[in-house]
Every structure is written in C-alpha cells, then in structure tokens.
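The structures come next, written out as structure tokens.
Note that chain A is present in both complexes that follow, paired respectively with chain B and with chain C.
What follows is the complex of A and B.
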C-alpha cells in the first residue's frame, strides 16, 4: 500500500514536471511581449523592464530559473500584479475557490447520487422524465447563461420583497456562497446524475442482485449493500478530476458574482501573458489534479474490496 | 422494492442534507477567516457618510514610481498627493506645494508646513527627490520613467549613463524643492500632477523590503483618504485621512469599493439592488435595460481617440497616397458610431486631437478646426482608380485589417470589411488577435490597416502630437514626414503658447491632408450614478473617477 502510494507520487511528480515544461514552451512560443502595455515605451525602458524580470537571459537559463524556483516552492513575481508574488496570489485566492468548490461539489455529489438513484428506480416514469429533462438542461446550457440568469433572478427576487434577501454578488458571508455554489455545481450534478442512473440500471439487472433477491434479502438491504455501493463506483472515479476542476475552474461564476477566486487569475494571466502567474497556476492546478486522482484511486480500494492497490 | 428503496433514499438524503448543513456552517466559519470585515453597507449611507462602489480590475500596482494603469492611478489620486492636484472643477490646484514658480530653466516649489504622512511626519522636499530618483533609476524599470525626462539628466540616468544623484532635482531644506530642466518646457506644472511625480518617503520605502505598496499597511498616505482594508481581487476600503491638510474640504468618510468584477451586467445588477452608487463602462447592450428603469444616464470622454492606422512600410498598398485618400473619402465615422457601435458615449472623431483638449482660451478644436473631410464614395472610387493606375494593377491585393478580439473591435472590423467591399470593392481580411498579440503585430508592422487608440499621459496636446514623429516607438505605421517632425520639435521646444498651438494645428492638417490616419471614434464612458451622489469628478486625463470632493444630498 505504502509502496503503491510512493510509486504513484513519483509518477505524479514526473507528470507535473512535464506539465511545467510544456507550459513553459507553449508560453514562450506565443507571440507577444508580456511586459508591454498598450503604449510602447522607448528602448531603454523596455530593456530595464526585461532585466528586472530576467527576460533578457537565454531561454534555457530562464527555464532553469523557473524549475529551480518551483522546486524551492517559489513561483516568482507576477508581471501584471506587480507587487505580488505568485505564491501569495495562490495562497490568498485559492482558499476562496476551494471553499466555493467544496460546497458546489457537496451539492453536486449528493444531488447526483440521489437524483441518479431516483431516476433509475422510476425508470421511464414521470420522475425519471422530469429529472432527466433538467439533467439535459444542466449539461447543455453553458454556465455563463445560468450564472447571469440566476443573478437576474436574485435581483428580481430582492426587488419584489423590497429588501436584499440574498446578496447579488460579492464575497464574505455564507449567504454570498449559496447561489454561486449551486450554479457552479449544477453541470457536475447533472453529469453525475446521468452516470449514476446508467450504472444503477446496469446493476439492477445483474446476476448478483438476482441472487441476493433469491437469498431472501430485504429490498432495503439489496439496495444499500448491493446496488448503491456498486453503482457508486463510476461516480467516485470521476470525482477526482471533478474536484480539481470545480475548485479551480469557476472563472465565469467568479466573474459574474465578483468572487475573488483563483479562476479569474488563471484566465487573466493567459490573456495578459503573465508568465509567472501562468506557470504558477498551471503547475499548481496540475499538481492538484494529479493528487486528487491518486486520492480517488486510494479511496477506490476502500469502497471496492475487489480493487487491490499495487 | 421500490418503496423501501425510496425510504432508504429519503433517509440517505436526509443524512446528506444534515451533513450539508454542517458543511455550510464550517464553510461560513472558513469564509469569515478569508474576509475580515463587516458586510458592505447599501450604496449610500448618510449617517456614516459612506458610499459603496465597484471597479473592474484590482489596482495592480500602488507604487507610484512604477504605476501605469487606470485603477492604480485612480486609487492613488485618493490616497496620495503630489505637488499639485486637480480640484473639484478639474483645474490644477495647490497640493503639497502651496506656491510654485516655473521658469525657462527650472522651477521652484514651496511646500506647505502642514502636509503630513499618515504616520504624522511631515511631507518634505526629500520625499520628492527620493521618489523621482527612484522612478528614473534603471533598476526600478518604471514604464513611466519617460515622463521625468524633462528633468535634467533624467533620460541619461534612465539609460544607465549617469548616477541617479545627477537628477536635476534637489531639496533646499525640508520645504523648498528646486528643479532644473533638461530643455525649456511649457507644461511642467501639468506634468507634476501625474502619478510618477508623487512623493515617496525613503525610510518607509526601504523598511518594506521590496513590498512597498503591496498591501494596505505597506503604503504611507498623504492624500485625502487612506486605505484601511484591501482584500486583493475582492475589495478595497478607503477612509478619510485625519492627517490630511485640507480635510475640511472632504465630505465623505468612507469610499468602500466592495466589488471587483469586469462583468458590467453583474455590476448593473448590483446597482439595481441598491448595493453600489454608480456603474461605469456600461456596454451598448445595457442601454435598453437602463432606459426601461429610467436611470439617469451620463457620459464622459475616457480621453482616448481611435483611428485606422495605415502601414507606410514598403510593399503595402497603403503607401500610395491615392489609395489612402480613397479610404479617407469613403470613411463614414458617423455611420460607424451611430449605427454600428451604438453606444451613446462614443462620438465621431475628426482629428488626432480629441475634442476635450484645451486650446489657448477655450477648446483647441474650436480655435483650430481640422480641415473637414466629407464622406464621398464617388470621389473615393475615382481616387481608387488613380491608385490602381499608379500601382499598375487592375485588381488590388486583399487588405489585412488587424484588430483586437474584443468588442467594439469585433463589430468594427466586420462593419469595415463589409463597408469597404460595398463601397470600394476591396477585399478585406480580418486578422483578429488577443490584446498582447495585437500589440506585437502592430509593432512589427504586420498589417495593412489596424485599429489603434491613444490617450494622453499628461494634460498637453503634445501627448498626442508626437505620436507620428518618425522617432516615436508607437508610430506603428512607420510614417515619416520631415515637415511633421519639424512641427513636433517646435511644439516640444517653444514656450510661446501661440507658436505651439499653431504647430499643433499644422500637425493636425498634415495628418488629414496626407491621409495618414482614418478617423473613427472618440471613446466615451457611459455610466449611471445614484442621484443623491454629487460632486464626483470624471476626467479624461489622470484619475478617471474622483470621489475626493463628492458629497451626498438628501432626496432624489
């Protein structure tokens, strides 16, 4: 078990190194000067700026500096947020994304498993049709539409009651999180519902369920021990990447609800060619993703005794 | 089976909901850790003299020696003060300097005795000397170092050819600042109102170990307000500075920037919900909703002028005068502004010098009107034939139009493509790039025509006039004209306003008559503002929004 985890971690480290290198190459291959504003300064000023950020050195040397800094856990100074270290940006803004993400994920997982099981139980009957309709809506309508619509809904609601029931945007209290996390978790919930429904249906008609029934187990026991536990496996599998995705990728939700999460920095950095922030956030996200996948694989072993970790 | 299973599901769901409630409490506690302040007040609060508002972007750099962006400049205008500052009606007023004397070779500023930093120590002439030296120091790598080049040796120091101590500024005691010029300059008083000339106190700057201005307590304040809370990317709260010398003129106690988001619709929703006192940079699409709510709509020029820049490098058809003239005659900026862009804050551009710039007595554009260009498609077609004859071709190659991948550049380019096809039969290929790549391609000259905008760094026409000088790094089209260069030099060196304005008028004439640029629009900002809020400054140069002298009135 320990050997397995160690092996996976080494593999993960190699993956992260590969991500870092690929990002570095791609970043420098894109045309454009990260230090340039809409006004071009004269040569002296540009040379001074380049020297400040080490961009006047050969590319290989810059690469060494990046990887070296990264090994020491230092992602360097942001190009656009000029006084801030990338480490500070991640440290200050990731918890916000993570908080929102955990809530969204909790809602999504719980909802996904519940609705999925429910649709399977009521296959082709009214609850199934209604829920599956919303699932399709949840998957196909992009999050910026849902975010904007739900915000409009909040404004309308507040003006109907003549006072602010729920905040329209911003961050700071639990009330600020409710709607954004629902919006953020919606597509994941829809996705998990579909996954859960399919695997439930598959398992209901499998041999061991029939055997269990023949043995004379109560429907409750069959459902809990044999169906749900088996059907939940695919959901757990996708949970790893989903955790990483949802806790870092709420760009649209963060923008619409004015939430100071990491997602905005991630997207802005690419737009602005902010080299250090691109590197920092990509590597951080990559490492997080790899860790989550490893975590889920280990979790797998606990849920399904048939899986052995080696 | 299904009923029992349903019961189980319900139990499971109940447990889940209970767990969720627990999680919510936990997260609520966690979020209170990440935000150590009270929930924002409504947009307007009379009792505490507080306004709440939003901005689009986090101010990325409040270190005045390296500051360059709109929001940092706006915040700096509230929390710092230079020798001079812009007053309620937008005119230059005494700041830290109570009086000053600008001569041809230099200037003297007498500092007031009661100017204080937020830690109670006086603002001295040494703080200016240190700030200016830091800004031109090559090690600082300030993008605005050039704005200090008029100070003697500024440019040489910035090039690393002289030590920073050689900068032509010195403190005579604590309260007199002596400045020596590199060349005579007509608008130095306007330069010292810009952000790069703000004071920085050396001992404090050094005590921050490179983190100067990184957080609220890493900055010393000498302006009307000070930052009391700054959560990066989320909010920034400014409170009245009790040590500010002119605090009697400041009515507001708190300016709470409680929201930071670029989503204009979200900010408008906050306005409707009564959470923010104003919303600026509204897109044209927001107009219908605003009219439906009957919110009063306002506008101001953001100071930028937008035009099509033509490429004068060899091998481009735009080097041909008749071709450029054809584009100029066909150009219909009124149709563009009123029918395509449809944002009421945009206006038709007629000259490189935007309409708000001041002339000798009134507005420059009224004193020196540009030569009129009337849209005339027939004449344009005739010019196009001449161009074809000159170039010896019957069919012109496709034109590459380089633009941004954001609005309004998207609508602009699509309209231009169709318009030039319809009127002149030209084949226009749109090259749409993101911001940084568009800039890179413009600089390399990788275009035939490109949409370009320019705004002033300081309140003088020269900030626009030298754009097409052959030596200007921002002259993307590589336009070279000795006549124009000569006029730019006159405007730079002369101290006689009349001579200078005549030179500006000449530059304006050359740019139009030689069809160097095709005028498009003057960009404006459309905004809504709570009717109870008065006295907000909206400016085209310097801080875009100024709440320093704002106040609240009862009733609507």
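What follows is the complex of A and C.
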C-alpha cells in the first residue's frame, strides 16, 4: 500500500517535470520578445529588465533556474504586473477557484449518482425520459452558453421580483456561489448520470442482486447495500479526469460570473501574454491534477475491497 | 413425460426429412457492414442525427453558394437587427427641418403635468414629431424614450432632450429610429430643475421610410431619379438578423459552419491517423519498445489539455491576415493522439492473441494479409465510433478557445467566436448568442447520438438481436 503510494508519487513527480519542461519549451518557442511595449524603448531599461527576469542568460541556464525555482516552490515574477510574485497570485486566487470547483464537484457527483439511480429505477418511464432529456442538453450545450443563459435567467428573475433574489455576478457569500457552481457542475453531472444509469442497469441484472432478492432482502436493502454501492464504482473511476474538466470549465464560469479566481486570472494572463504567470499557473494546475488523479486512485482502493493497490 | 410412459411407434424411427429445410437460413446472410447498416437504419434517433449532420454539411458547403451575402460586410445602419420577414421601406421626400411649436400663453392653474401628448405628423423612421399642451408652473420639459412600457416602475428610458423654455411644447426625435414600438414620455420641470412626479406618455410605432437619395447611396435603389415618393424599396434581407457590426448572421453562420466542421472533422481524422500508426507500431513491436512508446504517450495524456491548447496557440502565434485554424489543428493533433494510440494498441494486443489469428498464421498468412484481413476490419468499428465522439469534443474545444479569445482570429467567423461576440449583447439582442449556440448544440448532439447508434450497430455482440 505504502509502496504503491510512493511509486505513484514518484511517477507523478516525473509527470509534473514533463509538464514543466513542455511548458518551458512551448513558451520559449514563441517568436518575438516577451518584454516589448512602448515604455521599454530604451535599450538600457530593456537590458536591466532582461537581467532581472534572467532572459539574458543562455537557454539551458534559464531552464535550470526555472526548474530550480519550481523545486523551491518559486514561480518567479509577473511580467505585466510589476513586482508581483506568481506565488502570491496563485495563493490569493486559487482558494476561490478551489471552493467553486469543490462545490461544483459535490453538486455533480451527488446529482449524478442520484439522477442516475433514479433513471435506472424508472427505466423508460416518465422520470427517466425527463431526466435523460436534461442529460442530453447538459452534454450538448457548451458551458459558456449555459453560464450566459443562466445569468440572463437571473437578471430576468431579479427584475421580475423587483429586488435582488440572487446575485448575478461576483463572489463572497454562499448565494454568490450557488448558481456558478451549479452551472460548472452541470456537464459533469450529465456525464455521471449517464454513467451511473448504465452501471445501475448492468448491476440490476447481475447474479448477486438476484441472490440477494432470493434471500428475501427488501428492495430498499438491495438498492442501498448492493446495487448503489457497486454501481458507484465506475463513477469514482472517472472522477480524476472529471476534476480536470471542472478546473478548466471554471475558466469560463469565472469569466462570465466575474468571479476573482485563478482561472479568470489565467485567461487575463493569456490575453496579456504574461509568460511567467501562464507558465506558473499551468505547472501549478498540472501538478494539482496529477495529485488529484493519484488521490482518486487511492480512494478507489478503499471503496472497492476487490481492488488491491500494488 | 417420464420414460415409462413413452411408447415409441414405428414412425419415431423414420428419417427426419424436414431437417434440411428447417436449417436453411430464413434470410440471406449479411456482411458485417450490411448488418450494421441495417441495425443503424432501424435506430430512429441515430438516423435523425445522421440526416441532421448531412443537412449541416450541406448548410456549410452549399449554403454560401445559395446565400451570397458577404459574411464580413458591415452595415452600421443595421446593427443587431432581430430576425424578421423581408421588409420594404417607403420612399419619402428628403428630410426638412421642423420649426416646432411654441405657445404664447402659459396656463397658471391646472395639473403640473404636460397634457394631450400627441404626434404632430405621421411618425416615420425619419423623424417623430411630438407636441403637447403646456403644464402649469413648468419652467421646461424633459423628453424620454423607452422601448417598453414605463408605467410599472416609471422607467422612462433614454433621455432625449432637456427643454429650458416653458413655451416650447414640441420636440422632434431623429435619434436612431427603428420601425419598432416606442414609449415617449414628457415630464415637466420646475424652475429649480426638479422633475414633476407625473408624466405624459405616448406609444408610437414609426413607419419604415427612406429618402430616394439615401436609398441610392446605400445601394438599395439603382437610380434615385426614377423613384417616386410612396414607392416601396426592398431592404437587404437578413433572415437570421444581423450582429453587432451589422453583418448578416445567416451568412456568418454558414461560413462559421465551414470552420467549425472543418476543424471538427479534420482534426479527429488526423490525430486518429497518428494514433493508429503509433498505437499499432507499439502493439506490433511489443516488449521494451512498446513500454517506452506507451510511457511517452502516458506523459502526453497527463498534460492538462485545454491549458496546453492555449499554450500551443500562443507559441505558434497568428500572423496578420491569418485565421488561426492551422495552429489550432496542429495543437489538437499534438495533444490528442495518445489516447487514440492507446485505444488502437489495446485493440491490436487483444486481436493478436485471438485464436483465429493463430489459425490464419498456421495456414500461412503473412503479416500484411493479417493486418488487412483481420486487424483493420476488427478495429475499424471501434475507431469509427471513437471518431464520432471526438468530433463534438473538438467542436467544443474550438468554441471554448474562441470564447476566451484564443480561437480563430476575428474577421473569420466560427460558431465559438460568434457566441463570444453574442454574449456581450446578450441582454439586448439574444439572437446573436442563441443562433451560434443552437448550431453548436445541435451539431454536438447529432454527433453524440450518431456515435451512440453506431456503437450499438457495430457491436458484434448485438448482431441479430433486437
């Protein structure tokens, strides 16, 4: 068990190194100079700035500095915001994104399991048809459209009641978090519902359920102890990749609902070509996702006693 | 029936003549593809999706030949126009300024609200001329215009003018008039500049008119001299309305369909091809080479997909005048091949150990024959299904990138960039967001349902089952 976790962590570290290197290569393949702009016309200022950001050194040395900094947990200085450290940016903005992401994931997982179980129980009847219709909508409509439409809905709702029932944008209270986390979790919830439905249907026709029924267990007992517990397993398996989807989906939701999270910051940095922030955020997100996948795999071993971690 | 009861007769030992007939196949044998096609055809949802995709492809390919409006032509006089039926404007005389109305005597008592607000002239998109009876004790008037009824919460709307002369009881509105319904409100203002509580309101629906010279200037009329007042002139027709720069939405949707479907279909084909080559190489080679190849693929899979799409888009850069489609294709292929390679390798490994491959090899089949006769036909179903599911994923990716401003460069329309532009004017002109969003959703839905249908139809285990 411990050996397995250690092995996975070492693999994860190599993956993060690969991500960091790929990011470095991609960013340094950019044609042109990251330090351009009108106020930098003076050659002396440019030289000073280059020295400050370490851009005057050979590429290999820059790479060494970059990897060394990462090992010490230092992502460097922002290009566009003077004297702002990338670490500070991440520290300030990531908790907001993480809160939003955790809420969305909770909504998606609980909703997915609940709706999936319901559709399987009511197979081909009205609840199944209605829920599956919304699942199809959730899968086929892009998240930014759902975000925009729900914002439009909020505006209409608030103006209908003549006062602000729910905030349309911004961040702070639980009320601010409600709609964005629902929107962010929606596509994952749709996907998990489909998965849960299929796995529930498969479990329902399996031998051990028939045995349980033959033993004389009540339908509730069978449902809770046998069907649900076994049907959840595929849902747990896909949680790792789904966390990645929710993270990047957060960019759009943060943009539309004006939430001061790391995703919105990243999009801003991309539009302003703030290289250190882009690199730092990418590596940070990459490491976060790798950790999450490992975490989900370990979690799986606890949930499913048939799986041994080796 | 127990054995003791069974009394065989002579007939029980006669030859079973009908056996041969009964074992004959009830219908002609079908090839794998014929069978799959038959089952797909019986799946109504999959067929509806297939026809939708054909219709979308026609819309993208043939559409611009039929509907020849220029997707980049801006018409700032017709920005954010909602979809509507073909309209004609009536030709009128060129505009002549209106002197307005002033009254000589002011009332001293009575309500402090302007009364009898009415039109001095027929309301047209050229001008709306309002007159009213003066309010008692007023030092001036404010005139407002709104596009909905102001009465529930006294939202008077756009302030048009502040009149500082109590004798002046008329106003001519010429500001950006359209052929829709307007609510004009006039409020009296006292000497201190404070508005009175009450207001007069008038609902006006201006008629669509244009002067002959203007019509000729805009190219709607060949020769202004031949046109007479009262004639109708057809406006450029925008069945899906126009966007925030007055560009024709239908034409932009068609050209956007070309971009979105081009990327959506070509990118999966390309990275599937790379994946097939890489995956089958790893699968055939086996051993150490396989290990090394797949370990590298695992690293690429671990890259956060959308972050690296953005990174590559920045790294490749877009020169002036380029649409940015090519960098997006390259980035998609660079990041997406490993999962396809894994899939193909898994299939190859599985098939390689099948008994029929060994049997075929024993009969003297060479590797080339094995690949062509067994490997490819047995994998192509899975590949086809995956391909169908990759199309909506790529279309989503393109839309996401365009939405955050990293997709195709501005003058080129794509559904994603159109949604991005539409979201900014969503509250006032929802059609600019809804149409591209609808096209993305329908396309993604159609490919997803077709993929579901194909998966069921190509699944050999489902063969002959209903």
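As a working rule, the second predicted complex is superposed on the first by the 288 of 310 C-alpha atoms of A that agree within 3 Å, B and C clash if a C-alpha of one lies under 4 Å from a C-alpha of the other, contacts with A are read in each partner's own complex, and residues count from 1 in each chain.
Rule of thumb we're sticking to: a residue touches a chain if its C-beta (ideal position, glycine included) is under 8 Å from a C-beta of that chain, and two chains touch if they have at least 3 such contacts.
Note that the structure is a prediction, hence the values are computed from the model and not measured.
Look at A:155: by the touch rule set out above, it reaches both chain B and chain C. In the superposed model, A:170 lies in contact with chain B only, and not with chain C.
Using the contact criterion defined above for the overlaid structures, shared-chain residue A:92 touches chain B, although it does not reach chain C. When the shared chain is aligned, chain B and chain C each come close enough to touch A:255. Contacts of A:76 after superposition on the shared chain: neither chain B nor chain C is touched. When both complexes are overlaid on chain A, the residue A:15 reaches chain C alone and has no touch with chain B. Set side by side, chain B and chain C differ in how many residues of chain A they touch, and the one touching more is B. Once chain A of one complex is fitted onto chain A of the other, the partner contacts of A:112 are absent, as it touches neither chain B nor chain C. Applying the stated contact rule after C-alpha superposition, one finds that A:138 touches neither chain B nor chain C. Within the superposed three-chain model, A:45 lies in touch with chain B and out of touch with chain C [touch as defined at top]. Overlap of the chain B and chain C contact sets on chain A: residues 30-32, 148, 151-152, 155, 255-256, 271, 273. In the complex of the two chains, the chain B residues touching chain A come out as 1-2, 4-9, 12-13, 16-17, 19-20, 23-25, 27-28, 30-32, 34-35, 37, 39-40, 54, 58, 60-63, 66, 68-69, 138-143, 145-146, 155, 158-160, 211-214, 218, 231-235, 258-263, 265-267, 269-270, 272-275, 434-437, 439-441, 443, 453-454, 457, 473-474. Listed in rising order, the residues of chain C touching chain A in the complex are 153, 298-299, 302-308, 310-312, 314-315, 317, 392, 396, 399-400, 403-406, 419-420, 423, 426-427, 430, 433, 437, 440-442, 444-445, 448. Of all the residues in chain A, the ones that touch chain C in their complex are 14-15, 18-19, 22-23, 26-27, 29-32, 136-137, 139-145, 148, 151-152, 155, 162, 244, 247-248, 251-252, 255-256, 266-267, 270-271, 273, 278, 281-282, 285-286, 289-290. Every residue of chain A that touches chain B in the complex is listed here, in rising order: 30-34, 36-45, 48-49, 51-52, 80-84, 88-89, 92-93, 95-96, 99, 102-103, 106-107, 110, 114, 117-118, 121-122, 148, 151-152, 154-155, 158-159, 164, 167-174, 176-177, 218-220, 222-224, 255-260, 264-265, 271-273.
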